[in-house]
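Letters A, B, C and D mark the chains as written, and numbering starts fresh at 1 in each.
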Amino acid sequence: MKPQSDHSRLTTLPEAIAELVTDGSHLSIGGFTINRNPMAAVYEIIRQQKRELHLYAHSNGQGIDELVGAGCVRRLEIAYAGTGRFAPTCVRFRQAVESGELQVEDYSNYQMTLRFLAGAMGVPFLPTRSGLGTDILTKWGFSRKERQQDDRLPEHKLATIDNPFGDWGGAGKLILVPAINPDVTIIHVQEADRFGNARIAGLTFADIEQAKAARNLIITCERLVDDDFLRREPERNQISFLHTDAVVVLPWGAYPTACYGVYDYDPDYLHRYRETARNEKAYQSYLQEKIITPEDHFAFLARQDKARLQRLVADPETGYARGLDRKTQEMTP
Amino acid sequence: MNSDRKTPEAPAGYTLKEMMAIAAAREIRDGEIVFCGTGISMLAAMAAKNISAPHSTIFFETGAIDSLLEEVPLAVADPRVMYGTALNGGLAEAFATMQNQFTGKKVIGILGAAQIDPYGNLNSTAIGDYHRPQTRFSGSGGACDVASFVNRTIIFMQHEKRKFVEQLDYFTSPGWIDGPGGRERLGLPPGGPEAVITNLGIMRFDEQSKKMYLAACYPGISPEEIQEQTGFKLDPTRAIVCPPPTATELEILRRRCDPQRLILG
Amino acid sequence: MKPQSDHSRLTTLPEAIAELVTDGSHLSIGGFTINRNPMAAVYEIIRQQKRELHLYAHSNGQGIDELVGAGCVRRLEIAYAGTGRFAPTCVRFRQAVESGELQVEDYSNYQMTLRFLAGAMGVPFLPTRSGLGTDILTKWGFSRKERQQDDRLPEHKLATIDNPFGDWGGAGKLILVPAINPDVTIIHVQEADRFGNARIAGLTFADIEQAKAARNLIITCERLVDDDFLRREPERNQISFLHTDAVVVLPWGAYPTACYGVYDYDPDYLHRYRETARNEKAYQSYLQEKIITPEDHFAFLARQDKARLQRLVADPETGYARGLDRKTQEMTP
Amino acid sequence: MNSDRKTPEAPAGYTLKEMMAIAAAREIRDGEIVFCGTGISMLAAMAAKNISAPHSTIFFETGAIDSLLEEVPLAVADPRVMYGTALNGGLAEAFATMQNQFTGKKVIGILGAAQIDPYGNLNSTAIGDYHRPQTRFSGSGGACDVASFVNRTIIFMQHEKRKFVEQLDYFTSPGWIDGPGGRERLGLPPGGPEAVITNLGIMRFDEQSKKMYLAACYPGISPEEIQEQTGFKLDPTRAIVCPPPTATELEILRRRCDPQRLILG
C-alpha cells in the first residue's frame, strides 16, 4: 500500500486507531512536553480503551501522562516525564511509577532520539558518548530475563564498546543504544496531503525519526492541502508518503498542547489537568466526562470554551498567542 | 524549583530567585553557546545575554538555535523558543551540536537536579529504590547528554541537606565522577560542572580534588547556615560574600526577561 | 569567534582560501556531480596553487576532477568519480589513478555520508550494513603502516562488528565507518547572511553533514540576504552561524555546475572539459588560460560567453533552464 | 553504457537501447520504489511509470523522492530530479530509506557495472590491480549500498566476454555472493539481483544455485551468440525469445521519456 504516489490514505481518527493500534501495541507519539502532542489521537486511544501499550517517548509530556493516567500503558521507555513549568514531573506518571503499576525504562533524550534514528536508518544500534558511568547504563527497568523472553525487546538495555578505531574521534569508549521500530507512530503536523506527505512548522523534535522508524505511521494534521501544494516547495517537507499509512484531518488536533503557527498551548487546561491529576476521584471524573463521554474529537472540542480557544489562536508573525495570560495561582512552585 | 520555600528571608530589594538568576548569569561568558532548561536557567541565560554576554547564543535541546525570546518560555518546547531563531531543527541536531567536538567546546549547560553529590554528579530520576521509588522525578531529559558532552555546566539546586548527599540514590548525569581523571577513565569528554548555584550561595569544585567547596554566600547568609543544609562537608575557607544584584542587573532581569514574573513569581 | 550571533563573517574568496586552506589541508567540498559544487572556490584553490591536499568526497564530481587535474591533491577518499552522462568516469581522476600519481581510498556514497555524519555528530564511527563481503572492506588504498604513521588517518579503513544486541534489527553483523572531521569544508548555497546562516534550495546532498563535521567552514553563496531574512522562516535554514567561519558572496559560484533555482549546469562547458581533459596539452592550456590567468572569479566569469550564461538562467517554476539544448556531438557514449 | 557498439544490428523499428530500456521497465512492479542511476536506468524507470507501473515511485540516492521528471536528467544530481518532488532531502535520508526495514523491502534498484560474475556480484571500480589499475572506473557511488540493502536489483550490462567473468577484479557490490545463503553468512539482508539486462538478452538467477542463466534472447539473437560474449557458462535451456517492444511501449519511451534522445542517442 505504501509506495503509491496517487493513493489516498485519508481516513477518520476512530478508524485509524481501531485499525492500527491494538492492545499490546508498541507505540510512539510525536511532540515534546506541551507542543504538538497528537492529543486528539491520545484521547481516541483512551476512548477506545486500548490496554497494555508499550510506549516509547523522549519528552512527549502531556500525551504520555494522559495515556498512563487512563490505564492504557503497561510499559514505558522514556527520557523525561514532565511538562516544563506546568508539571516538572507528570503527576499520573509519578503516581503510576511509585505505586508499581507502570514499568519504566529510563534513557536520556539523546539516547531515545538516536534509538528512533537507528530504527529509521535500519541499523540495530547507534553510538553516543552520553550515559557512560551512569545508572542509566547499569540499572535496568526491564530485567534481563524479561528481555530474553520477549522478542520485541532487545536483550540489553544498552551496551558499551571500546572504539575499534583506537582513539579516533577522541573517544575510547562508547555507549550503543538499540534501535526502536514501533508498531505505530502517531504524529500531529500543521500540513499534510491525502497521500501522506507532511510538513511541520517550527521545531521537528524527533517526529521525523519516530515516523520513519515505525512499521505503521498515522499522521494527524491541522490542514489538508491540495495534491500539488507540498510539491511546490519540497524542501520544506519532512515526511514523504513512502512512510505513511493513514492521514486524518483534525483541526486543534494537538490541543491542549501547542501547534506552532496555529495555536498556543492552553495554560488553564494544563494547570487544571495537573491539579485534577493529583486527586483520584477528580481525575476519574475528568477522564469519564471530558474525554470518554464525548464521542469523538469534534464533540470534545465542542465542549471547550470558545472564547478561550480564540485567545489561543497564534499571532501570524510569532507563531504563538502574544501576551496570552499564562500565569495562574498554581504557577508558584 | 521551590527555591523560595524554607529558606531565610532575602534582604530587602530583591528576592532569592532573582539573586540566583543573576548569580548564574554572571557565570556565562561572552561568546558562549548557552544550553537552557526550563525555568530559572532560561532567565539566567536571558539576563546574561542582556547584560554581560551579548554575543552568547541561547540554544535549546529541542532544536532552536539563537531564539529571540520576546516572551519567557514555560518549557523548552514552548512555541516562544521557535520564533525568530537562526534555525529550527530537532533533537538530533541539537544534541549533535553539543557532542560535536568543535561546537560542543563552546557550550555551557545549565542543569537542575533532585540530588547532587560532592563531585557534582546529579540525580534527577528517583529517590529510594529505583524499581519502587519513594519519589519519582521526571528523569534525565537532556541532562545526562549535556553533562556528558559539553565543556562546562552550571547547576541550580535548592539547598537542602537531603539534596546535597554523599551518595546519590540514582546517578543520572555525570559531574566529576569520583575526582581527577574520573571522566577520562569512563571515556567521557573532559569538562564538567563549574558552579552550583543555590538559594543560599555558590559552590565550586576544587581544581585538585574536584570536590565541591563553598565559594560564596549570599548577603546575610553565613557559611554555617549553608553547611547545616549540606549533607557533606563543604570547605568554607575560600567563601566570599556574593555581591548582591546591581540595580542594572535587577532592572534588566525584571523588565526585559520576565516582566510578567512567570518564573520569578 | 564562532558563536557570536551579531559577528559578521563576510570576507573575500582569495582571503578565505588563503587563510583557511593550506598545503596539506584535509578538505571536503559540497555538491554532487554536476550540481552545487563550490567551483569558484575550487578555481581559487587552483589559482593559489595549493598542494598535497587530502580530499574527502562522496560523488562531488566536477570539483574533484578539476582539483585533481590541477595537481592540488595528494590523497583522495571517494565513493564515485564521475559526472553522470558528461563523464561516467572523471578523466583527470582516471589518469591520475592509472598513472599512480593519486592515492585513492574507495568507499560507497552512503559510507562517505555516514563518515561526515559521524564527524558532525561527534562520534568516532557509525554503523551500516553496506559493504559486507566486498573489496571496499578488504582492499585498502592507504596501507596499514601509512595509517599507523599518520594521526590524521584512522588506523583502519573500516571495521566490522558483531551486533552486541544479538539479532536485534535483523542484522547479525555490521560495518563501522570512521568519522571524518575535515580541516575545511567548502559549500556553495543559494542564500546566506553575513553571520553565516545558510539556506539551500533543492537537494542538500551531504552538504549539511560535511559542513558540521569540519573544523572550519567556508560558505559561498549566490545571494547575501538581510540580517533578519533567514530568521523569518528558520525551518528552511540548514546551517547556523555556529558552524561558519567565512561567508563569501559569489554569484555563479557553482558554475559550470548547476545551482538549483538560480542556473543550470553548462552542458557545453562540461562536454568541452571532458574532451580537453583527455589531451594533456590542451588541458594545461585550459588550466593556465581559463582558470589561473583570470585574477579571480569575477574575471573568470567575465570571460564566459554572456549569451550562454543567459541561457542557463533557471526557470522560476522548475528551478532549471527548461528546454536547454543539452545534446552535443560528444554525447553519444 | 556503450550498448550500441560492437553489437549485432537491431531489427528494424527499434534500437537495442530501446529494447534494453523496455526490457528493464517490464521488470518493475506496480507499487515499487525504483532506485535510479544515470542514463538508461532512468529511462527504464520513467517508461515503467508511464506504462505498466503507474504507482511506482522514482527515487534518487541524492534525496529526491517521486520526481516529476518533465525532462530527462543527465545525472542523479541534475536539477531536473528536484522539481515537483514529494520531498527534497539528501543522501543520508535516501540511503536510510533503502536500509530501513519497512521501506527498503519495497525498493527495486537498477545498477550498472564494468564486470559481473556468475552470482551477479559487480565491479564498478577497477580492472587490473587495485593499487595500480589498468582501467579505473568511477567506483561504487551508491551501487554497493543499494546492492547491500534493497529487496531486488536489476543490472544493466554491455554484453562482452571481458565483462562477464568468473572472477571479478574488484568486488564493489554484492549480488548472491557465492550462492544460496551467501548473503546471510556475511550478515547482508536477503534479496539480491533478479535480472541482468544486456544489449543481447536477459539473464536471471537460478532459484536453487543462484547462478546466472540465460532467460531470454532478443529477437534475432541466438543463445550461441550470447554464450560467445560471456566469460562463463550460461545455461541456455530456459531461454525464450524476448517479445520485442510493442508500439505503445516504443511510443511512450520515445515521446514521453526521452523526446530529445539524450539517452537513447
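The rule is simple: a contact is a pair of C-beta atoms (placed from the backbone, for glycine too) under 8 Å apart; a residue touches a chain by one contact, two chains touch by 3 or more.
These figures come from a predicted structure and were not determined experimentally.
Taking the mean Cα position of each chain as its centre, B sits at the greatest distance from subunit C. More C-beta pairs in contact connect the chains of A-B than those of the other pair, out of B-C and A-B. If you average the Cα atoms of subunit A and of subunit C, the two centres end up 38 Å apart. Separating the centre of subunit B from that of subunit C, both taken as means of CA atoms, is a distance of 41 Å. A separation of 27 Å divides the Cα centre of subunit C from that of subunit D. Residue numbers of subunit A whose C-beta contacts span two or more other chains: 122-123, 128-129, 169-171, 174, 181, 202, 235. Of all residues in subunit D, those touching 2 or more other chains are 82, 84, 88, 99, 101, 149, listed in ascending order.
Shown are all chain pairs that touch, namely A-B, A-C, A-D, B-C, C-D.
Within the complex, the subunit C residues that touch subunit D are 31-36, 58-59, 61, 78-86, 88-90, 93-94, 97-98, 100, 106-111, 113-114, 117, 128-136, 139, 141, 169-174, 202-209, 258, 260-261, 264-265, 267, 314, 317-320, 322-323, 326-327, 331-333. Touching subunit C in their complex are the following residues of subunit D: 2, 38-39, 61-64, 70-71, 73-84, 88-92, 95, 99, 101, 125-126, 130-145, 148-149, 170-174, 177, 182-183, 186-189, 260-263, 265.
Note for the complex: subunit D touches subunit A at residues 31-33, 54-57, 65-66, 68, 82, 84-88, 96-104, 106, 149.
In the complex of the two chains, the subunit C residues touching subunit B come out as 1-7, 120-123, 181, 195, 197, 212, 214-215, 228, 230-232, 234-235, 237-243. Note for the complex: subunit C touches subunit A at residues 118-119, 122-129, 154-156, 159, 161, 163-166, 168-171, 174, 176, 178-179, 181, 200-202, 235-236.
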